[in-house]
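What follows is a set of structures for review.
Look at the two complexes coming up: subunit A is in both, with subunit B in one and subunit C in the other.
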Partner chain A sequence: MEDSILKVEDLCYSFHTYAGEVQAVRGVNFSLKSSESLGIVGESGCGKSVTAKAIVRLNSGTSGFCKRGTIQFDGKDMLSLKKKELLNVRARDIRMIFQDPMTSLNPTMKVGRQITEGILNAFPKMKNAEAKRIAIETLENTKIPNPEQRFEQYPHQFSGGMRQRAMIALALAVNPKLLICDEPTTALDVTLQAQILELIKDLQKVYNTAIIFITHDLGVVANIAKNIAVMYAGKIMEYGSAEDIFYNCKHPYTWGVLQSVPKYDADASIPLVPIPGTPPDLFNPPVGCAFAARCPYAMEVCRKAEPPQYHAGEKHTVSCWLYHEMSPTVVNPITNKEVTL
Partner chain B sequence: MSEVLMKVSNLSKNFRIGRNKNLKAVDDISFEIKRGETLGVVGESGCGKTTLGRTLINIYEPTAGEIELEGEVLDGKSRNDRKKFADKMQMIFQDPFASLNPRMTVGEIVSEGWAYRRMYTKKERCAKAIKLLEIVGLNEEHANRFPHEFSGGQRQRIGIARALSMSPKLMICDEPISALDVSIQAQIMNLMIELQKEKGLTYIFIAHDLSMVRYISTNIMVMYLGSQMEFGTSAEIYHNAVHPYTHALFSAIPVPDPNVEKERKRVMIEGEMPSPINVPKGCKFCTRCDYAQEICETERPKTKEVVPGHFCACHFPLLENLKSTKVL
Partner chain C sequence: MLKYTLRRVASLIITLFLIATVTFFLMNAVPGDPFALDRDTPQVIRDSLDQRYGLDKPVLERYVIYMGRLIKGDLGMSMKFKGQTVIDKVTTTMPVSIKVGLGGVILGVFIGVIFGIIAALNNGKTFDFIVIIAAIVGVSIPNFVFATLFQRLFGVTLGILPIFGYKGFLYLILPIFAAAMQNIAFYARMLRSSMLDVMNQDYIMTAQSKGLTRRSVIFRHTLRNSMLPLVTSFGPMLAGVLTGNFVIEKIFGIPGIGNAMIMAIQGSDYMMIMGLTIVFSFISVVMYFMVDILYGIVDPRIRIS
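On to the complex of A and B.
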């Protein structure tokens, strides 16, 4: 038996709106081994949050519905779990950290109470005192000074960075198997971001949790993720290890994204290469490759048929027609080498 | 070309909060910008960079200090004076969704400045607005649409066209790209650089994305709790930062390169910014600084020129960084 803890296959997720059906996620496949980290990067609206929330079925209260696909977590089929079992999984196995630490804590409850509540939900037989001990220990692990005192305080008495630490403590207190971080540092300053990223990395070693890290910042995933999935318009365009994505990327979209951020040591006189145009409308997703309209290498086939997935390495996959045997040779603008699989 | 366009001396802006309590959002800041240059202002949120921008353009009245534009002192007290501000300085805002009036068409938004000043006839205004839209990469048919029909990047282009309509000398860009996606950010940055070359614009570029700031700026000012910590050319600040705060701030930037990330040593700043109401008496950074000594807690450091053109306010600047070429 392979040890992948989470397996998402052909996930399609849509939302009903007045204007019609928005196909937010259009066939996503990935798997995650226990204590591994996966970064999902993409622009806003590319479906990265929807994918993550679909795993714990957090979208189900909205107009969203899962059109196709399966999500296997730890041998369970997440999409057909009964309500009670689902709540159990959410309480004990999969925890989530959200972007905005200001709104994701309950302002009327003491922080300590929120953490012990989470622990007691996961382990109903535990004694209160024991839960409190664990809560204070986790607060200490997340490097919150004076945890005993902080335990008795309300969220408004915490600063932004401290709140995000409290959120992390809240998530990790039950020692979950999977931690989903949905843009946890986007609302924070760089200095705090560096602190929080370092903290998540350290805690992953301590708690041995698998992590899905959603972000739009390539610098952040370079730091934290072992594997990276690049998403665009509801699909994974390229998947691979961090080295694959940053040094040997294959997809024109990944090239475009990497070229449109200034290199940290590059000369300012080199102009940035932006990706022209805007992402497609997901009410009527384009036939063929979603990136074709913005892709400088687009061929006729790209607008007509969806590209198949090519294996470029052990883990590295890319969905692009450029790797078809009949396509012309193109030079990768980042490595300046001809593209091959 | 290297003539001074704007000179700011000892600018301060206090906000009164409650009785006898002042929040010093901008505290004694002085700098000069030459024509055609870009000044990047960086710092953590709450350091006063947006307040600085707004005080410069007289949205807020300065508490103390002087703003000199093209040799003229502007105090913004009279209506005429304020008009001068608006003619010479324009602003681009952070949130492209909130900064455009949803009930006006794009053409009206762009030509509103002219209409307000009774410049040109309606027909001329319309033609000119279309020309401006073309300059920023939109086209004629966009002029009759409303802002909600546009994406974030396009709206930011509209905001830029509106600012250009007054043919300003100086543009204050308050985080113009932070609400946009990476691929769109590069489009807007390139547009701004192109416009600067074409029209000889001067920018004050406020942002917290440090890599973009370095990319566009000639000079960079690092702010912390309302004060200027370090000022110098872009390359100086990035490679030879001498202030411990600047050093730590830049080492916190995540680099999109896993090998660099693994190797480089981070200077972590512990803790968070103190409240701007009770700032430390000495150096404002002393509560988080690794090099802080007794004098830092009692005496505020004066701004010194460490190398020509490179200013730093610190008792113990990291002068050894000046020799090394690479700090990060």
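On to the complex of A and C.
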């Protein structure tokens, strides 16, 4: 933990709305070492994007506010950072890639200019020509053909996949310490998804960047993330290495998610198993475990009190009452073994 | 592009032809004629005047004669003012109309855009509410109300500006402001909403994620994109430069083309009504055409097909 570049502790983030306070993130803890990758997985509205944006305070234009918790990045307290320092961190150290490449580039500015703008903002003393050289080099690294020509083009002359590559180039051109990918492949078709994932994975090695990868698709993070946090209703339900999550997962929610992922070799006649019900209302989060209402293993205690966090391995943690010593024994539907820590 | 231009020219000719035809018959359907005066005119004089101007012929025949002349580019002479050709009237009245019209548009866009931007940047705060309310009021109140209010306030109460006639630039200030009022309100609203829309776009978050200052985000990314809808409004706006200020010209006694038109209608000056209508229509259609071409230049995404 000593050398962790990012440390998020007990982060609670809420939004004021006319209907009241939405508790989007309700106590999230994780840390990330430099050049490591973390996947945050969860369904829509579970707070994964809010968590990521909170790191660089990109939610602050909205009605959102940080209720509790700390975010330490590279020895800096991100939540109390002065505006100017915050902009410096955004410019140089933490860059983001967003979900929809069709709308995340400015349509009236040349792509090259958008990249050099970011570079020059991070390194104000750099000469324009040097920034342009770096931009073209980065475009080349993201496997965009004819980068010199593409540099002079507008976003509407790029296809969706090319735009996402340009976004990646825009983010990586300053060689940031942390790259936050907020569902970067969700808006792309499947073949492009694979290419973009491959690209991000390759570039991580080249640029030696730490990555937070947000997605609702477990299949996507399997490929890219070393550690995975499974989020539900603003909380991390289970955290562990990719192996822990895929081969030895502990939380009933993770089981549900894994069971609802289609397998390429599955018999077509076997229906997918969905998780019944809908996520809880975050205006009034449930008192006990947020997943209790949809959990087939829910016990009396699950509805009354929040489960403690159990350590199942070196990094592997799980928040579920099933691991209490007094709980009944159940069978893990993924491994078909009785659950133990 | 050539094909497109030719098609537009063809549609322009058809439009003008239809406008001329409709105006001609509507005008003749209105009671009264150029020589119907309050005082008794001897029938002999009336007959000879009718004969001289061809008004004794049936309407259809007159229509054919008029259109025949029009094709040759002859807009004719005024029936009320001796020796005054329609073309002369247009060329003498147009410059001052353009001054008032263009002044109103430029001032309106300038002030409106600035108000809109400041309102958007202060979204939800007091200034924003003031602008919204003022803009609704401004759009709802017709400009002749502002015209008379300005005359009262600046001309009578304060006595600092002339309110009638045209003897120099000072005489244009009040008309221009009166003409600008609705434009100010319109553009303030438009810019405010388009700016708020742009500020919620993903690429603005991209810009912020690059660590740009608020100022850079606004000037480099937000403003230009918020201005795009402005271009779309150029067509109606430019067409209105000449044709939009009839009432204002009348109220302030500006000898412009709108004033000439009102006088022609009041006096049933057939030739003048026809001529001015055709000139107005021609200007409007050409303006729209020019704006269509402009779109393609300003926004590379717009293709004329």
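Please note the rule applied: the second predicted complex is superposed on the first by the 340 of 341 C-alpha atoms of A that agree within 3 Å, B and C clash if a C-alpha of one lies under 4 Å from a C-alpha of the other, contacts with A are read in each partner's own complex, and residues count from 1 in each chain.
As a working rule, contacts are C-beta pairs under 8 Å (C-beta built on N, C-alpha and C of every residue); 3 or more make two chains touch, one makes a residue touch a chain.
Nothing here was measured: the structure is a model prediction, and the numbers come from that model.
Asker: Will subunit C clash with subunit B on subunit A after the two structures are superposed, or do they fit?
Answerer: Result for subunit B and subunit C: fit.
Asker: Hey, is it subunit B or subunit C that touches more of subunit A?
Answerer: Residues of subunit A touched, subunit B against subunit C: more for B.
Asker: Looking at the overlay, does A:108 come into contact with subunit B only (first), subunit C only (second), both, or neither?
Answerer: In the superposition, A:108 touches subunit C alone.
Asker: Just to be sure I read the superposition right, which of the two partners does A:159 touch: subunit B = first, subunit C = second, or both, or neither?
Answerer: A:159: touches subunit B, not subunit C.
Asker: Have a look at where A:58 lands relative to subunit B and subunit C in the superposition and call it first, second, both or neither.
Answerer: second
Asker: Examine A:91 and indicate which partner it touches, taking first as subunit B and second as subunit C; both and neither are also allowed.
Answerer: Touch partner of A:91: subunit C, not subunit B.
Asker: Just checking: does A:167 make contact with subunit B only, subunit C only, both, or neither of them? Give me first, second, both or neither.
Answerer: Touch partner of A:167: subunit C, not subunit B.
Asker: Just subunit B (first), just subunit C (second), both, or neither: which does A:222 touch?
Answerer: The answer is first: A:222 touches subunit B but not subunit C.
Asker: Between subunit B and subunit C, what opening angle does the Cα centre of subunit A see in the overlaid model, nearest 10 degrees?
Answerer: 70
Asker: Closest pair of CA atoms, one in subunit B and one in subunit C, after superposing: how far apart in Å?
Answerer: It comes out at 6 Å between the closest C-alpha atoms.
Asker: Do subunit B and subunit C touch any of the same residues on subunit A, and if so, which?
Answerer: Looking at subunit A, the two contact sets are disjoint.
Asker: Okay, in this complex, where on subunit C does subunit A touch?
Answerer: Its residues touching subunit A are 199, 201-203, 205-213, 216, 220-221, 224-225, 228, 299-301.
Asker: Residues of subunit A touching subunit B in their complex?
Answerer: 43-44, 159-162, 189-195, 197-198, 216-220, 222-223, 242-243, 246-247, 256-262, 264-265, 268, 271-276, 278
Asker: Please give the residue numbers of subunit B that touch subunit A in the complex, ascending.
Answerer: 44-45, 151, 153-154, 181-187, 189-190, 193, 208, 210-212, 214-216, 234, 248-249, 251-261, 266, 268-270, 272, 326, 328
Asker: Tell me, which parts of subunit A touch subunit C in their complex?
Answerer: 56, 58, 61, 87-92, 95-96, 98-100, 103-109, 114, 117-118, 121-122, 154, 156, 167, 170-171
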